[in-house]
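Okay, so subunit A shows up in both of these, paired with subunit B first and subunit C after.
Presenting the complex of A and B:
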C-alpha cells in the first residue's frame, strides 16, 4: 500500500512495461536476424565456392621442353564449366616462381592456355617429374611427365 | 472483473506469441534456404559426375593419317566409345624442335562412326617427317597418333599378332506366324515346319473365289461362204444354196422337191457345255408340219426335236431353243434338218447360230506369313521359299510387303509369280536377291511379311503346301555387337611381326559368354567352346559365333596362337 503517496496509475505502468518489453524483444530479434543472415551468407558463399571448384576441370595436355635448360611450356585445356586462371605451378613439390607467360590469365572453357616458366627443379633427359597446376579456386591437377 | 493485472498478463501473452512466431518464421526461412543451397550443390556434383563418366567412356581410335595430293592432312578416326565425341583441338607436335601447334577444329563423331577428312584445315605439310598428332575432345580427353604410322618390323621390335575381324553376316529368319486370307483354310502344320526345307509342310486349303458362265459360239453360219456348205458337208446332202430367199446376206440353204432329205451340220464340241443354245431362221412354202423336221445328235442317235414344217408360209420364222439335257453335251453334237417335199414345196434355212454355255470356277489359296529380323545395316536381302501344290498349273504369286511403298511389292524386288509344275506335289524352290534398298522390306521394329497366293480355274478344291520360308538379310558388321541367336562370322588372322601370314597353325578359341556356341564358317560344322581351329595357307580361320543369352550380354572371344593372344569384346543384343 502506498498510503496516500503519489504514484503512476496502473494503466501507465502497464504501458511502460509493455514498451520496455517490446524494445528489448525487438532488439533481441534484430540481433538474431543479423546473426542468422550472416550465417546464411557464409553458408551460401562456402557452398558457392565448393560448387565452383566442383565445376572446374583442367589438365595438362602437353609439356614442351627443348631438351636442354629448365624452360617448360605447358599446354592446359580447360574442359570444365567455368573459366579458370592458373595461379601456381609446382614441379616435384617446388613452387614455380619464374613465370614467363600464362599465369593469372583467364582461360575460357574449351580453350587452351600456354604456361611458360622456368622449372625450379633442374630438368634432365629421361627423368620423371610431377607437375602440379593450381587454379585460383584452389583446384589442382597433377601431371606426370617424363622428359 | 477487468483489472490492471489482467491487462498486463494479456499484453505479455500477445508480445510473447508475436516473438515466438517471428522466431519460427526465421527458422523456417533459414531451413528452406539451407535446403535450396544444398540441393543446388548436389545437382552440380551430379552433373559433373555424369560428365566424368562420359569422359571415361569416350574413346577415339586413329585409323590413318596421311597427306592428300593437295598436301592436305587427312586424318581418319573411329569413335569406339559409347557417346558422341566432339573434337575441338588438333595438336601437331614436332618433338625435335619442341614446337607445339594447336588448331581449332569442330567435328562431331558418333559412336562407331568413322570420320575422314579431319585436319584439312590450313596445316603446312610435313611430308614424312615425324610428328605427334593429338586430338582434344570437348570432354577433356586427348588421343595421340605417331605420324607416320609405325610399321611392323620398324625398330626391330615388331611382334606377331592375332586379329579378329567381323565379316559380313547373314541372318536367317523364318516366319513366326501366319494369317489366312480370304476363306483359305488351315489344314495342318505349324510355323516351325517352315524353318527348313525338309519336306514337312504347312498345308492350306483353297476356297472358291469366283464362278461364272460364258457363252461360246460353236456355229455361226449364214451360208455366205465358199463353199456355201463348209459347215454342213460331213454328210452328203441334196440341199443347195439359194439367193432367192434369204434372211440376211445374199444366200440361204434351200430344199425343194427333188432336193430334199437330210441336211446335217459338222461335229460341234459341246463336251464342256452346261447348256446349248440353238437359233436359226427358216421359211416355208406350201409345206405341212412333217415336211421339215429338226433333230439333235447325242453321239449315238439323232433325236427328233420338233416338226416345224407347219408354220406360217412365205415369211421368215425364228426358231430358238435352249438345250439343258446333258445327253447332248458331247464333242460331236450336231443338228440335222430333214425335208420331205412335194411339187411346189420349198423350205429355206438361214443364219444358224449355235452357242454353248460353259461354266467356270476359280479356287484361290492365300496366306500371309509374318516374321521378325534385325535392325542391322543391311547390304542385301535374300529370300527363299519352297512350296508345292496338290494340283498342277496353279498361278502362284509371292509378294513381300514393301513398307516404304506401304503395299505388297507389285513387281520387281520382293515379287515373283509363276505357273506351278503340271505334276501335282512337285517342290518348287523360288528365291530372289534384293540389293537395292533391302530395308524397304522391314518395318521399324525389323518385322517383315510375305503373301503367297495360288489361283487356278478349276472346279476342284486344291491345297497349298509350304515347306520353307527363309528371309535372309545380309549386313555388314564389325562384329562388336551381334543380334540374339544369330550367327556372326569372324575372320581370325595370325601374322608375323613383318605382317606375313602364319599358315597352318592351330589356334585355341574360347568365348566366355553364358550361351555361346561356335561353328566352322566354311563347313558349318559345330565347334566346341573352347576348341582348336586350324589356320589355312593365308593364316586365316573363319569362325561363326551365336549367342543366345536371355538378355544383353558382353563377352570376350579369345584366340591364342602360341603365346600371342587376340581378343575381341562382343555384345549380344537384347532378344527381339
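Presenting the complex of A and C:
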C-alpha cells in the first residue's frame, strides 16, 4: 500500500494527533479559565460591595452646639449589621476639613460614635442646616438640623 | 469485490490532503471567532465605582462631591445635565480620583431655579454616575 515509501505507523500517527489535540485543548482551557475567573472575581467584588452598602445603617441622633462658635458635636448611631467608619461630613454641601475627633474611627454595630469638628459654614442661632454624614463605603445620611 | 473495483474515487492521499485543508480552515475560523469573543472579555477595561457624597446647585453651576468606592483610580471625562453635555472644566478631566478619595466636581452651565436636573458623570473608563440635584 505504501509502495515502498517510509512512514510512521498508524498507532504512532494516532498518538501524535492525540498529543497535538490534547495540548491545544489544554491551552484553550487554561486561557478560557483565566479570562472567566477574572470576570467572575470582578463581578463578585461589585456584588459584595453593593451588599455591604445595603447593610449599612446609621443616623445622626443628636447635634451638639454650645450656642456660639462653629464647633459641632454629632452623635452617630450604627444600627446596621456592619461596623462602619465615618469618613466625611458636609454642612450645607461644604466639606468639613477641621475634625477634632471621631473621623475614621470604627463604630461597631449598635454603638454610638461622637464626631467633633468645626463647621465650614458659620453657625448662627435659629438657622437650618443640612448635615450629611458619609461612611467609607460611600453610604450617606442626611440630617436636617436647626440651631 | 467486482463492484468495488469499478467504483471511481480520489486516492487516499488526496483525501487526506482535503481533510487537512478542511480541518485547518475550520480551525482558523473557530480560533478567530473565539479570540474575538474571549479576547474582548479579557482585555475589556473594568469600570470603577463612584458614589455621590452630596450635591448642590445654583443657576450657574452644579457642585458634587464624588467618592471613589472602587478599587482603581477614575478620571472624569464628560458631564451631562438633563441629557445635554456641559462643561466640567479641564481640572476635573485631568486629575484622577484615587481609590477611596473624594473630589469636588463643578459643572458649569445655565440652570433654572427650582428645577430638579438629572446629572450624569462619565469617566474615561466608562464608569458612570447618575444623580439628581435641585437648583436652589
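As a working rule, the second predicted complex is superposed on the first by the 132 of 147 C-alpha atoms of A that agree within 3 Å, B and C clash if a C-alpha of one lies under 4 Å from a C-alpha of the other, contacts with A are read in each partner's own complex, and residues count from 1 in each chain.
By our rule, a contact is a pair of C-beta atoms (placed from the backbone, for glycine too) under 8 Å apart; a residue touches a chain by one contact, two chains touch by 3 or more.
Nothing here was measured: the structure is a model prediction, and the numbers come from that model.
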**OP:** Sticking to the clash and touch definitions up top, decide whether subunit B and subunit C on subunit A clash or fit.
**Re:** fit
Original post:
Of subunit B and subunit C, which one touches more of subunit A's residues?
Top reply: B
**OP:** Could you look at A:68 and tell me whether it touches subunit B, subunit C, both or neither (first, second, both, neither)?
**Re:** neither
Original post:
A:38 contacts which: subunit B (first), subunit C (second), both, neither?
Top reply: second
Original post:
What angle, rounded to a multiple of 10°, is defined by the Cα centres of subunit B, subunit A and subunit C, with the middle one as vertex?
Top reply: 120
**OP:** Could you grab the smallest C-alpha gap between subunit B and subunit C in the overlay, to the nearest Å?
**Re:** 7
**OP:** Using the superposition described at the top, list the residues of subunit A that contact subunit B and also contact subunit C.
**Re:** 32, 36, 39
**OP:** Sort out for me which residues of subunit B touch subunit A in the complex.
**Re:** 4, 7-8, 11-12, 15, 18-19, 22-23, 26, 30, 33-34, 37-38, 40-41, 44-45, 48, 51, 88-89, 91, 93, 98-100, 102, 134, 136, 138-140, 142
Subject >> Touching residues on subunit A, where the partner in the complex is subunit B >> reply: 10-11, 13-14, 17-18, 21-22, 25, 29, 32-33, 36, 39-40, 43-44, 47, 50-51, 54-55, 57, 59, 61-62, 64-67, 73, 75, 77, 79, 81, 110, 112
Subject >> subunit C residues within the subunit A interface of the complex >> reply: 34, 38, 41-42, 46, 49, 51-56, 63, 65, 67, 69-71, 100, 102, 104
Original post:
Which of the residues in subunit A come into contact with subunit C in the complex?
Top reply: 28, 31-32, 34-36, 38-39, 42, 45-46, 49, 53, 87-88, 90, 92-93, 95, 132, 134, 136-140, 142
